[in-house]
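Dropping the structures in below, format is structure tokens.
Both complexes shown next keep chain A, but they swap its partner, so chain B is in the first and chain C is in the second.
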Partner chain A sequence: MDSLYLAWRYLSFYKVRSFILIGCITVIAALPLALEILVNESERQLSLRAESTPLLIGAKGSALDLVMNSLYFSDATPEPITMAAVDQILESDLASPIPLLIRYRTRTFPIVGTTLDYLDFRQLEIKNGNPFSLLGQCLVGAEIARQLDLGPGDHLTSSPEAMFDIAGVYPLKMRISGVLAETNSADDRAVFVDIRTAWIISGLGHGHTDLAKSTDESVILKREAGQVTANAKLMQYNEITEDNIDRFHLHGDPATFPITAVLALPHDEKSGTILQGRYLDQDSNYQIVTPAKVVDSLLANIFRIRNVLDAVILMVGTATLMALVLVFSLSLRLRSKEMETIFKIGSSRATISRLLGAEITIIGCLSGLLCLIIMLLLNHYDVELVRRLFI
Partner chain B sequence: MNTRMSLYVLPAITTLTLLFSANCLAGKPLKVYTVNYPLAYFSERIGGEFVDVVFPAPADVDPAFWTPDEETIGGYQKADLIIINGAGYAKWTQKVSLPLMRQVNTSKSFKDEYISIETNVTHRHGPEGDHSHAGTAFTTWLDLSLASRQAEAIYKALSSKLTDQKSIVQKNFEALKTDLLHLDEQLQDLGDKKPALPLLGSHPIYQYLARGYGLNISMVMWEPDEDPGEQQWRNLQTFVEDHATSWMLWEDSPRPESVNRLEEMGIKSLVYSPCFNRPDEGDFLTVMQQNVDNLSIVFSGAD
Partner chain C sequence: MIRLSDVRFCYPTGEFRLAIPEMSVAAGEKVAVIGPSGSGKTTLLNLVAGILAPDNGSINIAGTDLDRATDQSRRDFRITTIGFIFQDFGLIDYLDVLDNILHPYRITSSLTLTAPIRQRALELAEQLGVDTRLKHHPATLSHGERQRVAICRALLPDPKLILADEATGNLDPDNKQLILDALFEATSTNHTTLLAVTHDHELLGRFDRIVDFRAFLVNEPEAS
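Up next, the complex of A and B:
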């Protein structure tokens, strides 16, 4: 006990040195463990969502971008396809399609243009309010509602795609119809709107006063038989309300409108196989992917990177431990007079060894304790951390 | 769970959840929402006791131009099946969010046969405000062979959900199809009698009737309960001078004043109801039978 007390007093006296030693050992011990926890949680989250998503159809290109954008709403937007892809799947009677348009943002959060079927498919429950029912309404994820203190009846405005594009599309002020219950998934950090609302955000649809009845001639560019052309002065509505919803319209055939992906839910295994076969044609503009396979290949890469990281950590750890041994041996030299004094006042060499052993034990225990606290905290917040940092 | 298994098991569970709602599993009838009365009638006939058909439009409005309130839209969103007409009917369905997977577009199988209309004329009747009939003609069910194909789309949707009652549902559909095709046959016979006989339609809703049965119907934009105005009367007079016609088809009983003035011009009136809303008496078939009977007066007199 005396050795422990003396060692404690010694370490307390040299606070800075003791803290550095404890810090070094803690980092060396915690780093691989933390990496293990975060990688495992990333794997769990990625796999869970990917495995629950049977098939994904999008434009030919990066399968990873398609999966990351469609499942985790990442910033990398795949090339668009058209709504005709949804009609094709409906007509095939092999699967149920859910269109996705994930390109626009409100503040930093993704706007997911889809149909109500997405809520059923992901089994998303509405904690407060109702699903979006009219154009211009949105459902917000639990985390957004909490972070921005939003609820039904509040509004969110879509962000312009390019900040300095003054001739671009008007931002749309969306009324929040409801808040989703927490799911600990990417859905918590997304805003859901009807696919047609997403098209209005993209500028494919808009609402304005009836030109045929307009008395303001300054907004009219030309009048021809059965057709009135407005100029840029014509004010467009930036919010869809019950009063002006009839004035909103989409320009063109919805079948030609863009989406970023289609979630395809095959009716059975055979239908899934037939559907996949239909997109194997090299000339097809579409690719069909199984998200679980894409995520598996991503995880395989992550494992390879982790192995490299583990090797790096092992080398850095070895170097650090060697440095620590050096620090101890040098400190013993510096403390040679101190040791001599202890010896002269009657302590045996064994007591001096116990004293040094007690110092190392205390440093080791404190590092272990710190490491444990870090691991417990990491274990508690790993879901959130992975979602924010990696997915 | 390995990847291959999860690829199909998880969506299968989700699909099962979607297909067999709690109501169905509990033995309760399927909640079926429709956008007009003919589709409600077909659903009731085919689904029988196994469906709870809801057609929420008020009796005094044209469902094609009606817009439901948010509460009613919520009802549609929660329904097990949403039966829509297609062909641009009920434009409100394009402005609200309805689940795609639970929608049944009954005219999808003959979408290549839709009839396009070009007009920029708008008009107003009832509480729905101004509207135009430009775009696609939507009273598809007035061609009863198309109506039977719409009924078939409903049958397919219902039989995929009511798997245990499939044989009953099929029997109900066959009976309905027989009834519809019987009326269709009667109309075919009428059309064959005098295909060139010029007729006048009071509203632009008889396109599929005309095409389906080879009828020569020109259409104006009059309302049965409104005076069309002097300009319209003059237009009609001019039209009749070039296209001799002796019968006008009305969607509902016209005002006696209109009937009398038309008779002065040598045009008789008859009701050919599109039956887009639930009738006060009878049902879709009785209304259609009455339509056929009314039309047969024209053709029997025309000989």
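Up next, the complex of A and C:
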């Protein structure tokens, strides 16, 4: 008896119908499994980075925005604080501070203004080239380097915040000093610069010809005792090179310069507790958060949403299965003549059931195979997918 | 070949009753069964095929008492001994011509599909003029071609008896004659018995005998 052969011929003859059936079953089976894989991977990625970051200090406001911006370089930029926060921690001698200014972008990738301590803290290794040692240099994450085919010596230009603001800050052309090794974290998709370079990008610093020595009077607005004021004609450098690096300067007191957060690495547990206590003052403009706790709270919300999603999937799945049963029973009714012929020729009802069973088996197996392929692909790309979609 | 004695049959609804005191068909005989709709012609074929069991009486086909056989043995007997030809051809839409001819071998373990059987299927297709359509599906065939494929399928297991239920009912006059020619030729070669239900009175002259089912009178056709 060739039940499987006949079933295969039936399914391959009605290709579209079979494909729709297989597709429906695959989606219904794959959806909860895919959700499980993605949620687990999201949890893993979020928790791993959060747990490795002891304390985070930023402006009062959304703790989640602060964590997501500082740890995963998300678009939600928290209110800025000043470098005075870093000085404060240094003075307390309770922790090592690492400033972060994560506000600007190059193409779609975040520019992380920080110090070289960040590389040590995250244990980032340089695959090619050197760390940023000069103003205007940058270190690119592995994925950016791969995606844009960049290497040491190439350039990246910061994206202006307001493209149509002609009085705004010009983009800065940054020279790539090195490429980081892959870490499968948000660092792979970020560009790291010295905090001072980030301030230049923000317009707090710039470089131009020495006005005191300038012979072009058309750029001079007024000269007073020891002070020269230039007009808008003064050309500012948009790239920091060995020739012009000396002419770059920051205006104002660095302690007042903005940062978005400070990573605080307490010397020990006791120091961490004392440090946290210092920011409990209601009048303080700062908040101190433990990223792991913030992420735990976020995950708790995700799991609540997931439960709702599971219930929705269950209901949709039940409805789809019922629709499939209906389609199958209607198809049987349409095939009653065929069944009658087979029976009259000499087949038993059990043979007809076996034939239908073979069709269901093939549909089930193909759906299972498709589902397995989807799961394998998802399992292979889940790290990347979660990073692109959720983090 | 066929012997029915005192056969009584009644459907569960009780509306239809059939009583056949005596009927017999000799081996190799070509018999036409006529009668108005609802007189029990198709029921007779189903009884002879063992699809229905009589309430009373005995049915003996080729030496086998069907009324005493089990369901399984009746099915085995049917698929190995009887070939069925239907008015609506009964072909399977999703199988091509060759697979339709081979179909009985794929739905039972009583028949084994072997290389000689495949060869015989090809020969039958050639004999009935459908050998050029082997890879076509029934929907692309003419009515005449479909019925010829159905005849090939019925003849492939080399049955002793062919039951034809209005086999020419869906065909135009030319095709009716062609199909009957093919059927008679194929059944004559192997001395196969033919029991055919028909409404086509112009074809009756070609049968050895006519059974008028209304009164169960066995009439010899007039000698021409």
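FYI, the second predicted complex is superposed on the first by the 390 of 391 C-alpha atoms of A that agree within 3 Å, B and C clash if a C-alpha of one lies under 4 Å from a C-alpha of the other, contacts with A are read in each partner's own complex, and residues count from 1 in each chain.
Operating definition for what follows: contacts are C-beta pairs under 8 Å (C-beta built on N, C-alpha and C of every residue); 3 or more make two chains touch, one makes a residue touch a chain.
Note that this is a predicted model, so its numbers are computed, not measured.
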First, second, both or neither for A:Phe248, with chain B first and chain C second: first
Broader residue contact with chain A after superposition on the shared chain, chain B or chain C: B
First, second, both or neither for A:Lys344, with chain B first and chain C second: second
Chain B versus chain C as contact partner of A:Gln123, first or second or both or neither: first
First (chain B), second (chain C), both or neither touched by A:Leu385: neither
First, second, both or neither for A:Leu299, with chain B first and chain C second: neither
Touched partner set for A:Ile220, first chain B, second chain C, both or neither: neither
Partner chain in contact with A:Phe132 - chain B first, chain C second, else both or neither: first
Footprint overlap on chain A, where chain B in one structure and chain C in the other make contact: none
Residue ranges of chain C touching chain A (in the complex, touch as defined): 49, 51, 71-72, 75-76, 78-80, 82, 84, 86, 88, 90, 92-95, 99, 103-104, 106-110, 113, 137
Residues of chain A that touch chain C when the two form their complex: 1-2, 5-6, 9-10, 13-14, 337-338, 341-348, 351, 355
Chain B to chain A touching residues, read off their complex: 1, 3, 6-8, 10-12, 14-15, 17-18, 67, 70, 73-74, 77, 94-102, 120
List of chain A residues in touch with chain B within their complex: 51-52, 54, 86, 90, 96-99, 115-117, 120-121, 123, 130-135, 137, 194, 196, 226, 245-246, 248, 265-269, 272, 290, 292-293, 296
